[in-house]
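Comments concern the structure below.
Order of writing sets the chain letters: A, B and C. Residues in each chain are counted from 1.
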Amino acid sequence: MLSVQENLPVEFSEQLLAKFAEVVSRYPAGKQKSALLPILHLVQAEYGWLSTDAMDKVAAYLQIKPIEVYEVATFYTMYFLKPQGKYALEVCRTGPCCLVGAERIMRHIEQRLGVKEGEVTPDGLFSWRGVECLAACGFGPVLQIGPEYTFYENLTEESVDALIDTLKNKGLGQ
Amino acid sequence: MMADEVVNFKVTIDGIPVEVAPGTTILNAARQIGGDIVPPAMCYYSKLEGSGGKCRTCLVRVSKGSEKDPRPMPKLVASCRTTVMDGMEVQNITSPEVVEARKGVVEILLINHPLDCPICDQAGECKLQDLGYEHGSESTRYEFERRTFERIDLGDKIQLHMNRCILCYRCVYVANQLTEEREHGILYRGDHSEISTHIEKALDHDFIGNVIDVCPVGALTDKTFRFKNRVWFTKPIDAHRDCPTCSGKVTLWYKGEEVLRVTGRKDDFGEVEDFICNTCRFDTKKTSDWVLEHPTDVEKESVIGANHYESFNLPPVIKENEKLQLANAEQLQRAERLK
Amino acid sequence: MGRKLLLEHINEPGINTFAVYRQKGGYRAVEKALKTMSPDDVVEEVKKSGLRGRGGAGFPTGMKWSFLAKPEGVPRYLVCNGDESEPGTFKDRYLMTHIPHALVEGMIVSSYALGANTSYIYVRGEMMPQIRILENAIAEAKAAGFLGNNILGTGYNLEIYVQPGGGAYICGEETALLESLEGKRGNPRIKPPFPAIAGLYGCPTVVNNVESIAATVPIINDGGEEYAKIGIERSTGTKLISASGNINKPGVYEIELGVPVEEFIYSDEYCGGIANGKKLKALVAGGSSVPILPANLITKTATGNPRLMTYESLADGGFQTGSMMGSGGFIVFDEDQCIVRNTWNFARFYHHESCGQCSPCREGTGWMEKVLHKIELGHGSMEDIDLLWDIQRKIEGNTICPLGDAAAWPVAAAIRHFRDEFEWHVLNPQESQTRNYGLAHYADPLEPVVQ
């Protein structure tokens, strides 16, 4: 069962609704449910995660039942069902990346950020987790940061430090 | 030949021939034969469209594809979702490979099951219990912590005990096909999938009580019957009433003079004949509400009939075959001990 | 140097743009197919080419196309499978990133062959940058008149849309992909019916891998027979290989099928040998789900023949001593790698990615992961190794979709070839936490098996 303790009431903006409409136009009439995954990505890009209220409103928009949205949002790993850090670092933890040091990189990120996998730093800027193969095995270790899933390859402790510093400055500056 | 005359397919299951209409599944062909050679089915439910294929307990071996293409199928197939071909030959209990695979499926279905039969209302009419009895081993090789969930009340009549669920999806099909408002479904994925309403919500629909009848295990139980009695101490009587919502044909489960619960009437394969409404099920428990017909036919060997499991009754086909005896060794030993 | 058909212009600056791609001869295949060939002619060329599906199963693409049902008045769909998620495989990401028009052009040619007027490219959601690149490429092609209504004045209409996934390996299975594209959980469908009869929205559908679709471009340009001249036997044409692990030059390489494995690993044209002067210990030749091979079965088959990069040669010896081409995810392990740890890692992957629909996979993958983790941490027993073997046997072949097999095979192969490394973990629980088993005897030449 999902937690509804944490909820975030949302009101989709005109711009967001226009994007929804464009997505829906890609499918035959009556098949608007196909738009569910892309629309959930749009909603997550806007709010950082998918609250129950956001999912219910997506259901209403697509004229499907809320449970159909929950079923999908909980099946796919990219959708966050609770708030994350402003920068959610996702490090590949699968075989080929581990052959070239992914486990070391994850330990380093944990130490550097001072929070465990899945937790958010006190300043709200960072969270991190290991994810399964990101299909970049030749450039490992790798990590990605949503919502545009910017990619960072051939990671070293030094390059991770530099990345975190840059993001920190950027995040605090805003 | 008449153009619209349907020519039946000849199929052989464990050496027993049967003629069935094209489009019939292997499982339903076996059910037409009946008896020991019917594969067990935990997720398939003939009255629910799209059900089946998931639990893998009904796997069988197709040793001959058809008359036209006699090649055997390369893998075991789910008999509930594989349709017969003319001349097909199928092995169920006569294939050591099938017996082995089924044992594996049962073991796997039980690794995360709480085995809390002593306090489970489903005990005695539980398909997983039957399956474990017939095909399971006596101890588990699983030594890790079993996954657990909180119990959830789906309204005041139905309780969801997710620990016991085997994810057959039948209840989801019921909600989809019998009600317009599906409020529960499968959340998450893999071995932490769960049946849920997301938000604790009453399942509020005239026919939603049927999720209890279709649940093969004790995951969805009738709260109005909870802990009232063991099913094998109750006496089932078929009865009917004039119901504006459903057929009104039910089974009443008596203890003495008291109706403890009401269910749909179940056939030999545990499927209800008619889906009944919530009013009949939960709110109509006085004998005076019903026209009693006759005691429900209960198989003599069933737990409800005999108050305990019968010892493993060796089908003749196994008695005559050394390989099959070997494949069924565990069951045989248990039957010996229980004598 | 082998011929390059897909990556010929990969180093051309701006090849990701329509202008440069076109200038290098791009979209000729669209012109040729739409203006001079019937859809059936295109299917025929692809059949002649011998092209086999590049996603992993290796099923002949032309034959798959010919199964497509064509009832009157029912739309047909082409769906491109860009859900690349098999550990070790990253060729589609590479192709879509650097030369997206190769895929768009292939989509137009293939959609025309199949009579599809709406086609979807399903790309895993994590590849959001690639999704943007493809959307951009599609817009460019449309602006140039290669998409939309009445393409090149031929009367053929086609729209292509890119669909993001949501993070699920299982959506690489074609029916799970279609479920996902319909906005549902990625649960594989129970077959039959196959997508060729009832696929997307219940309509006849073909699902092809990114590389397979891109390969139709050179096939149409040069003709199926020309394409079939490259390669050996039933392994025709070129193939993108994703090379990763402990090698000097990881990356994506286009090879002519038939290159010796030894050459692929050690020549400077490809992997450039094992990194840091180490020795080769093991190889996963076709993505994480195919059987892992020890050093002494990699460059030579059990019968002593050189092993080649072909579907047949990689599979030589069956699962006893061979492996599979799979999706071409070539993962190289050096002598410092621990096979037990890697097997646990892969088992964790499959456990994480199991959709949970059918019981052997849902429960069995998690069980294998837990037992492997126990052995890796030095708490295992000899019985655990036998138990693992038994669990994988209970999963293999008994599931709805091939994910069960994919989870079972790597465990089976690791135990088959590296059992003593597992036993060493059991017998040396402390030592196994501080050092690895090493190369041991895994590179010792085998006595050739006389058949």
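Things to note:
Going forward, a residue touches a chain if its C-beta (ideal position, glycine included) is under 8 Å from a C-beta of that chain, and two chains touch if they have at least 3 such contacts.
In UniProt terms the chains read A = NAD(P)H-dependent oxidoreductase subunit E; C = NADH-quinone oxidoreductase subunit F.
All values reported here derive from a predicted model rather than from experimental measurement.
Per-pair counts of C-beta contacts peak for the chains A-C. A comparison of C-alpha centroids places C closest to the centre of the full protein. Each chain gets one centre point, the mean of its Cα atoms, and the points for chain B and chain C are 39 Å apart.
Centroids built from CA atoms put chain C at 26 Å from chain A. Counting partner chains per residue, chain B shows two or more touched chains at residues 186, 188-189. Residue positions 168, 185, 352-353, 355 of chain C are each in touch with at least two other chains.
Chain A has residues 68, 71, 75 in contact with two or more other chains.
Listed in rising order, the residues of chain B touching chain C in the complex are 52-56, 59, 75-76, 78, 81, 101, 104-105, 107-109, 111-112, 141-142, 144, 166-167, 186, 188-193.
By the touch criterion given at the top, residues 26, 28, 31, 33-38, 40-41, 62, 64, 68, 71-72, 75-79, 93-96, 98-100, 131-140, 144, 146-151 of chain A touch chain C in their complex.
By the touch criterion given at the top, residues 75, 84-90, 92-93, 118, 124-129, 132, 161, 163-169, 180-186, 201, 242-246, 250-252, 284, 288, 329, 331, 333, 337, 341-342, 345-346, 349, 352-353, 355 of chain C touch chain A in their complex. Listed in rising order, the residues of chain A touching chain B in the complex are 1-2, 4, 52, 65-68, 70-71, 74-75. Taken together, the chain C residues at the contact with chain B in this complex read 168, 185, 190, 351-360, 362-367, 370, 387, 393-394, 397-400.
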